[in-house]
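Mind having a look at this structure? Questions to follow.
To keep things simple, chains are lettered A, B, C and D as they appear, and every chain counts its residues starting from 1.
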């Protein structure tokens, strides 16, 4: 019982539903001072929803929130912030049109008064320096001009920053999804430092080793319920996956080196640095630190291979977006329409859409890739982030395009799904499809036949076969930096 | 959900409801004696708003910032040039129609060229274009009024089974528009572009081609409306389109099409067009002064959107 | 001697046949005057959007361009006063016509619009002594001319109380707008014997009424060629009678000559009046013959006409 | 480190350059304009446009669009020329009420989740109707102090220039430097995150609309000061002009990207473009078309400079 008295935040029996969807079905959860709680679960398990409850953005239909032993009846965003609850949301939530300093002003409501710019700059710079030493981000820059990784860094630093009310509980909802390994490392180290000074953290991630090494206690959620809760030592990777309810599959293995050099060349591009080429049936990885030109190459390949003026019967490339808000989902549409938009050419006759075939194909892919929804005619935004990502995958794979471009597409996708998708990719590649895959996760890069490593907008290294391993990639990523 | 409730969920129902109420209030002044006359007049004049409104709706569906302000000037140019070409000869009706369609093509082409090549926001590009088109109209005939060929004048002003012929034309165009939007790939494409242009591009949609066709379509519909209007009102005038600038936008948005793009709706255009005509008739019939009349029109528009818009927000 | 003087025409609108006729007359008459060396230049300028603020800017530009006189058809009788005052202060002669300005330093060539409205009702009272219901078509709300003519019509109705205005719509002086407005109100109106108008809208009203099975009332016309032609057809077919009245677009040329006379040092009264141009049953054919297809019945003025008008005002 | 132009500075540089080019062209065509009086004549009518443009810009900063700007400025002009002169207290009350109405509109649009375009379209009829009721025929007279304010001859620079600089400065402080300004632009950029930081969106939107209303009221008053009297249709073109001004000044329709100084420059550019045309003496038939052409040219210039700038940046 004194658990509750000491807890920074204690949620009791929270229930939330969105229409027919039970997002939370009686969740009880405590966060003690000086503790990092890991929160894992499949896509749509309700993690982000419990986050909304804790940060005051969502009032549970049933259940209560207490803090420091005091039950809070009128709990809201401002009450949460006053108690030092801070949040890094799953989707980036800075104002892209404002500078970093101005965003700091927005985040800290009580920062006003004469000379706030100077104070805000000091606050955010101090914090950036603390979390990401050597970050090189100028606080007067506009957020829209930053790369996605830089934005995520700013947002993380913002959550740890102190402008009067010190942060006591920082919630990190998949904060590392756009960070490369070294930046993620820096952040995790900072989390440990923060914990050591008595702060609390709720850490959500689908990258299980991060959770395992950083969290003190791990809570596993499934379908809106807490299904397991143990100290971190009580879990290993395998056990965690099992607790999440995914049938534990074997670790992704390096593909057996296939004889690829004889396959016909399907795509080549004169990028900066080494030239880029792809053969039929290859899985090609684009690696390197985040934001060093990988996405640009994908966009250039897409632009070069697809017309903007005339419709094409046989698309040559298709694209899986990572930044789904920006260039992925169509928010007004149903899941089905979001899925079918890229393959309408095959689902129509003389420009007329064949509704039945669309339905059938949609149902087929819903099953194949396990999109969690009662009805493909629901709006796409009713899906959790990971499930939206699956829809985008299905959209691309359902086309006949021989080349699939993937822009870090596994952001926010849970382990089970990832395994399924990896399997599909391998299967499709065996059938002759080419995948060009930018990823910030080493595990994924290792799945590739061949890897191009990027550094400052140019391809610096090409690795193939057995040479595709962590050591080589990291070495190539930092090549040229005085180390 | 019961069927009735579902009906109230449709964004277009409110404009229809408003049109009906206003219609009812107007005919009650004469205790129903004016029913037929008023209904026919409403259908006739709504037809022109419907035709230009549909074009405008396609453009607005392309997403925020997309709008075609060159509609009135295009109507004027098409009407004046076509009537000048036909020069009261019945044999020239088809060439006249063709020429007005070509004019629509050229204006649409110009609009999209400005938008695309010079990256000018559509609202400014089409405004600039409209000035040029208006000048061209002045230059070609300096306000000359030529009568339409008799067959055409007869056709546009008479009825078939009590329904005005222009309304039938507008209905056919509406059906075509509905079909395009709901059943074809093109309809999906413009809706997708309206929701997110980058996403549409990455989904392999030929974005430029689609937008181009849409601007063409809008300009062509405007020129056809100009052609019909000039014949209907017995000659083209240099200012004949000016009313349709606000009108074409108003009927689209009152009709329940999302102003933010991506979501369009054809029945609403009819409801809104009828409403816009009937509300002026009603206020005229009740003998209200211009000031009061304007205020009432504004308040009614706002109430319609409050009912419709508020509903949709709740539906989500 | 005004051979070195430059005159500008500031026009706020070119979008209808009346304004086009006005510009044509201006071009014709001043072109000859420039060729003859009477004045050095007579340039016409038109604003794009028919707005007082735009025209004010135009006048200010004319000041900068160094014109000696500005002939002005104003978008608003008062909203240009600031700009007109600035022109006067810069020593520029300002002559307004049709759309006149109230600024005292400017000259005004006015039409008695009130009388024009009143005379319409007076005419009807002669044709239909028993009186009856009237439909009024007004111009653009909030504009001076609209208010004046309408006031005149209501004065006329007071004078001839056998008439009653049962409906009033705004036709914006455009025939398609008038047609639409009339078609909308017509079904709810009782029988009407006459339609009082402001010009440019008679043909539209006729079209709207012809589309119903009502008896054609007497529609006062506004001197447009289409109106006159329709009247002629009706007259030939069934002896239809009406009258037509409006201001002649050629009044711009009178304003030009008045400006020239003032620049020449003539003493000219600030307020001049020109009669409106009225067409009746008997002179319909002559006027129709003189009117360009698609144009407006017109009178152009000479220097001598202007001198006569100036003399009469004294 | 290489020198990097911030995107805000770039947003400004381009409109400023096009204004300079246009001004040079005007001076070349009409050297007489290069004087105290000449500059005042060129620019004094830009003052109310600049104010209206700022108002429109504030509405655009929160991702909305005000189609009633022209009608509202006309209405204010009518109030100024009648009540504000004859019964100043009532006049001030009416104008305060109008600003409050604007603020209320902001609240209603947000709370009911309405498209601002439609609501303001409706309001444009309402304001127009009120204006016609106030002044059925043109008339009224500017209060003396307003007239004085708009015709004052300050030393060194003419009123039009001084006023434009003051407007730009005040708007810049309000929109770009103050906390309220950051909040308003933040709403345009990402409303959800502003809400999550604990701000009241209703309050911020009310403030934005109220501020826009205030600037529009100032525009109406300034306009009457120049024209000396009002009519119900006097400023209808301000709706499109103000939108064009914001765009010319580097603002964008959505995303909260605006620039007050740019907006004022945009308004000046638009006014100047009109003068440039009348100095060119084009045939009457094509005078209207030329206004379109000049808009296109000025915007194309913007594109060209934009490209240059980008190339510069990439280097």
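Methods note: contacts are C-beta pairs under 8 Å (C-beta built on N, C-alpha and C of every residue); 3 or more make two chains touch, one makes a residue touch a chain.
For reference, the UniProt names are A = Sugar ABC transporter ATP-binding protein; B, D = ABC transporter permease.
Since the model is a prediction, treat every value here as computed from it, not as a measurement.
Among the remaining chains, those touching chain C and also chain D are B. By number of C-beta pairs in contact, B-C leads when B-C and A-B are compared. Centroid analysis (C-alpha atoms only) places A farthest from chain C. Separating the centre of chain B from that of chain C, both taken as means of CA atoms, is a distance of 32 Å. Annotation: 45 Å between the Cα-based centres of chain A and chain B.
The distance from the centre of chain B to the centre of chain D, with each centre set as the mean of the Cα atoms, comes to 29 Å. In whole angstrom, the spacing between the mean C-alpha positions of chain A and chain C is 71. In chain A, no residue touches two or more other chains.
Multi-chain contact residues of chain B, defined as those touching 2 or more other chains: 131, 134, 138, 142, 258, 290-291, 294.
With touch defined as above, residues shared between interfaces to two or more other chains in chain D number as follows: 131-132, 136, 287-288, 291.
Contact between chains, using the touch rule, shows up for A-B, A-D, B-C, B-D, C-D. Against chain B, in their complex, chain C makes its touches with residues 14-17, 19-21, 24, 48, 138, 141-142, 167-170, 172, 174-177, 179-181, 183-188, 203-204, 207, 211-212, 224-226, 293-295. On chain B, the positions that touch chain D within their shared complex are 64-65, 69, 114, 118-121, 123-125, 127-136, 138-139, 142, 246, 249-250, 253-254, 258-260, 289-302, 305-306, 309-310, 312-313. In the complex of the two chains, the chain C residues touching chain D come out as 14, 23, 27, 43-46, 48-49, 51-54, 56-58, 60-66, 76-83, 85-86, 102-103, 140-144, 146-148. Chain B contributes residues 26-27, 29-30, 33-38, 41-42, 44-45, 131, 134, 138, 141-147, 157, 229, 233-235, 237-240, 242-243, 277-278, 280-281, 284-285, 287, 290-291, 294 to its touches with chain C in the complex.
For chain D in complex with chain C, the residues that touch the partner chain are 30, 32-33, 38, 41-42, 44-45, 48-49, 131-132, 135-140, 223, 226-238, 271, 274-275, 278-279, 281, 284, 287-288, 291.
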